[in-house]
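Chain lettering (A, B, C and D) follows the sequence in which the chains are written, and residue indices restart at 1 in each chain.
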Amino acid sequence: MNLPLKGIIPPMITPLTENGELDLIGLEKLIEHLISGGVHGIFILGTNGEGPSLTYALRKELIHNACKFVDHRVPVLVGITDTSFEGSIEIAQCSKEAEADAVVVAPPYYFPVSQSEMMEYLENLIPELPLPVMMYNMPSHTKLHLSLETVRKAKELGAIGIKDSSGDMAYFYSLIEEFKGSPEFSIITGTELFIPESIIHGGDGAVAGGANFFPRLYVDLYEASLANDKKAITELRNKVIKVYDTIYSVGKHTSRITKGTKTALAVMGICNDYMAQPLRKFKPNERRKIKEYIEEFEKIN
Amino acid sequence: MNLPLKGIIPPMITPLTENGELDLIGLEKLIEHLISGGVHGIFILGTNGEGPSLTYALRKELIHNACKFVDHRVPVLVGITDTSFEGSIEIAQCSKEAEADAVVVAPPYYFPVSQSEMMEYLENLIPELPLPVMMYNMPSHTKLHLSLETVRKAKELGAIGIKDSSGDMAYFYSLIEEFKGSPEFSIITGTELFIPESIIHGGDGAVAGGANFFPRLYVDLYEASLANDKKAITELRNKVIKVYDTIYSVGKHTSRITKGTKTALAVMGICNDYMAQPLRKFKPNERRKIKEYIEEFEKIN
Amino acid sequence: MNLPLKGIIPPMITPLTENGELDLIGLEKLIEHLISGGVHGIFILGTNGEGPSLTYALRKELIHNACKFVDHRVPVLVGITDTSFEGSIEIAQCSKEAEADAVVVAPPYYFPVSQSEMMEYLENLIPELPLPVMMYNMPSHTKLHLSLETVRKAKELGAIGIKDSSGDMAYFYSLIEEFKGSPEFSIITGTELFIPESIIHGGDGAVAGGANFFPRLYVDLYEASLANDKKAITELRNKVIKVYDTIYSVGKHTSRITKGTKTALAVMGICNDYMAQPLRKFKPNERRKIKEYIEEFEKIN
Amino acid sequence: MNLPLKGIIPPMITPLTENGELDLIGLEKLIEHLISGGVHGIFILGTNGEGPSLTYALRKELIHNACKFVDHRVPVLVGITDTSFEGSIEIAQCSKEAEADAVVVAPPYYFPVSQSEMMEYLENLIPELPLPVMMYNMPSHTKLHLSLETVRKAKELGAIGIKDSSGDMAYFYSLIEEFKGSPEFSIITGTELFIPESIIHGGDGAVAGGANFFPRLYVDLYEASLANDKKAITELRNKVIKVYDTIYSVGKHTSRITKGTKTALAVMGICNDYMAQPLRKFKPNERRKIKEYIEEFEKIN
């Protein structure tokens, strides 16, 4: 894997069957959809991937199958965050065996931990991991907003980058500033709307949820951003804005983003929209809206 | 198991060895310590039990051994809360096999869920559980403060009671008021300081962390409260106040309660004080303070 | 004043001199800047206006002078939110005397209040107010996210609309859905980035902070949105995105938006950038960045 | 005023008439009630005093009359916290004129401020204040939990102490540890339940809301704590526990403490129970409960 990690790395949703098993057919179709869309990597078992909601058996089955289907065409990153330290290592080892490329680590999310407790946790965890480590900042779900000091500590321990899903652009720019002397350390945004700015300011890529259903859109946007092609950026970002306004605005509660993403793939015929508990698939009227939105997008292409 | 569930039910800490395995000798000593202290039940794999930090294998080993050591002398309640729905059921089934008496359910704690999402979750979960269900309100860790409506829904689905660890006495009293027509539904407090008031107002018992090290103290306090013996209540509660002022006030961060509890047991020679990541055992100077405090307690008895 | 209130209504910053007095020359220049930029109304004493940081004397001086300078060319809305109920009424009465057009009400922000306490507060406050009332949803500063039920109650009591600064688009769309049968009730967004979507979905306008420095930009965007002119929307929104990426991304802490806005006006020569305590003007290097950004914007126009 | 400030300093409620004016007769009775109860100081215009809800005119009228009625028998501390910097100074100057003894400062509470912004705020504010300054830590209402570093900065700027209402005992003990070399710097608790421990650990006193209605109880508890008279401590604290269980447990929402305190004084015939908006007096059934509780207390004395 070349460093820094770069480009569009979708936080892949996990295709499930009605009875909660891995939807292998959907998984293969989804991975082909992503790779043929030009993505630069695939991040499995993150928040959109409902990682914490899945059994270890299912997580491992997913890791093995995803790596097999991807077959080294792009790097595979595996979310290993877990409330169990040993569980994190177990998933990391499985990732190594399956020949994944890196693991992704966020704070264990049951006990509220302080920055100093998180630093000690990383000191214990990172040396145990058999693959390169990306940090993952996701304060809304993990209760901790990683401080610059904690990210520095992770880097000292060998982390190869950070994905920031805090939505705070000033924080993202401060990460770029902080690590500008380390070009091999990836600074990746989770905020789709500002992919061009993130890239132009020196960020390395985006973990873009919308790239699940429209991978080419986000890849094109990334490349237009690299080329600083303002016309293309504009046209492509308009579609990202439309994603926010449509697919991400159906339903209530913070879970609507993940639900909308999976439903979009379902109406596109790629996989079905069963969710892992506690999330539940959209009701028919919400699903119908997503269907109409996808059809609108198809018309404009 | 007679309903309502009553009395002092310690949220048992999980004795661990230096390399993170179950400390079986410590476990047996701890259970004997609790039962000889007169507790009315034992709640394993809760917050103090570091349940979410333990592997499934270790959780199952604990369940089987705890049930074996307890040998039906008191009810065993098992915390099954997990971000994985299937994981919760798996632990519940293991609890059934081990002949535990009930399981304890809090919101899955990674995705923030709304009250309506929680109600739907319970509709799906409770029918799958092979043992009676206690609800567990722990908003600081699970991100959701169970509304009265959600607790009512749990009761309709068959829940046998609720343990409230919110620390909000007015909420606790509103639970008592809400369910006063259902005497078999247990209302259990997690606030040790107000055990007498909780019992006198109609509450059924307490999940008291301090009963790990001083079970007799809390049992005596419960019985004095039942008897409304003001003199005894006063004397006993003074010791609970001293617990707050000493063992619960060492260290920083919210994790200090669990750490202090385990350290107290260690200095008493019952089990050692290794913690599961991300919590770490107290540093020597903090441990020394706990040791002094325990010695002070021993002097006054 | 025609209902519903519509269009671009800048939350005007309050020009101050070095010694904390009202900068009357700056104020007049700013108001001419806004009106010549085509704004449809002016909202004074909101969050960007540092309303709560100003003395009553200064607030009243501002109200009188702003109304005098505006001279009924556009509606003037006055933020009256205050922790003192009588203070709110006093500012409302001053607004009436100065011939302002409406007042804006958010929850009093010291005591945390529940939705039911807020409804009772509105029942007591609204009948005492001599001008039409707009509601203001600003949970990050007031500690309360107004529920649909509370907004309905405000409407029953006579409120003429709501400005939503929560940043939650699904909530904003649920407001539009809720009040679609009442076309005279204004639904105004505080989220500049999604002005086109807000208008196209049936929203009535935007309280856009960036319209302080670039009023024409936001007015043009509003009109392009009304006309559903996709080409113009795109071009104009690109500039709004650039505002987020530049002026709104200088400095740390949530206060950077207000500071950046005032600094932008200062480097444009409209008013100076002194802030009311506890906010402080940007340090020279931050100010320099804002200056460079404004110059870039000027080049592209 | 002798330093450190010591003893029981009630956060006095503000007696109001039905039409929201200062209840002068009630005020005089309340102050006599407090002083004859032996309090060591009186803190007016804090949270219990509904300071932020009162007009400046009423606050000043209160300051002058309270100081007049107290007539230097005990120190008077005046809460000057305000979202307006000038407003804080204005109330401080009025306090000086009225011959109050000190002012009390918490973070201005509308704009969320960082620790560094708070330190700069204190650097600007404290030199402008004509009276000694006590800091006030009240994170639930002001959005900022004062760090040890911020408190040190306040002390360097001349602050004479801190009142901590965070409810976090470990934080309180860390304050004592931090400032043990400065015996003239007061460390005052706002947590009534742990007054004995606070004093025994080296704290200087308590801003105890319950001392509004039962001043002698809290003064006796303070003195018993100073004397380390365990029997007296026990007996007196039992009554404080009963206050929590009764007067502080009526009603819902966090405002119930202030409402219960004022209602207790009303049923004791000292002043009436009108509140400043947004708080409203208890409904008749809640008032009846408070009345019964006060009667129970009277019986046990």
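Simple rule for what comes next: a residue touches a chain if its C-beta (ideal position, glycine included) is under 8 Å from a C-beta of that chain, and two chains touch if they have at least 3 such contacts.
Values in this document were obtained by computation on a predicted structure and should not be read as measured data.
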Could you pull out the chain whose C-alpha mean position is farthest off from that of subunit D?
-> A
Rounded to the nearest Å, the gap separating the Cα centres of subunit C and subunit D is 36
Let me have the rounded angstrom distance from the C-alpha centre of subunit B over to the C-alpha centre of subunit C, please.
-> 49
Sequence positions of subunit D contacting 2 or more other chains | 252
Touch relationships between chains, expressed as pairs | A-B, A-C, B-D, C-D
Residue numbers on subunit A that touch subunit B, as the complex places them = 20, 47, 52-56, 58, 83-87, 90, 107-114, 117-118, 120-121, 124-125, 140-141, 252-255, 276-280
Hey, which residues of subunit A end up touching subunit C in the complex?
-> 169-170, 173-174, 193-194, 197, 201, 230, 234-235, 237-238, 241, 244-245, 248-252, 256
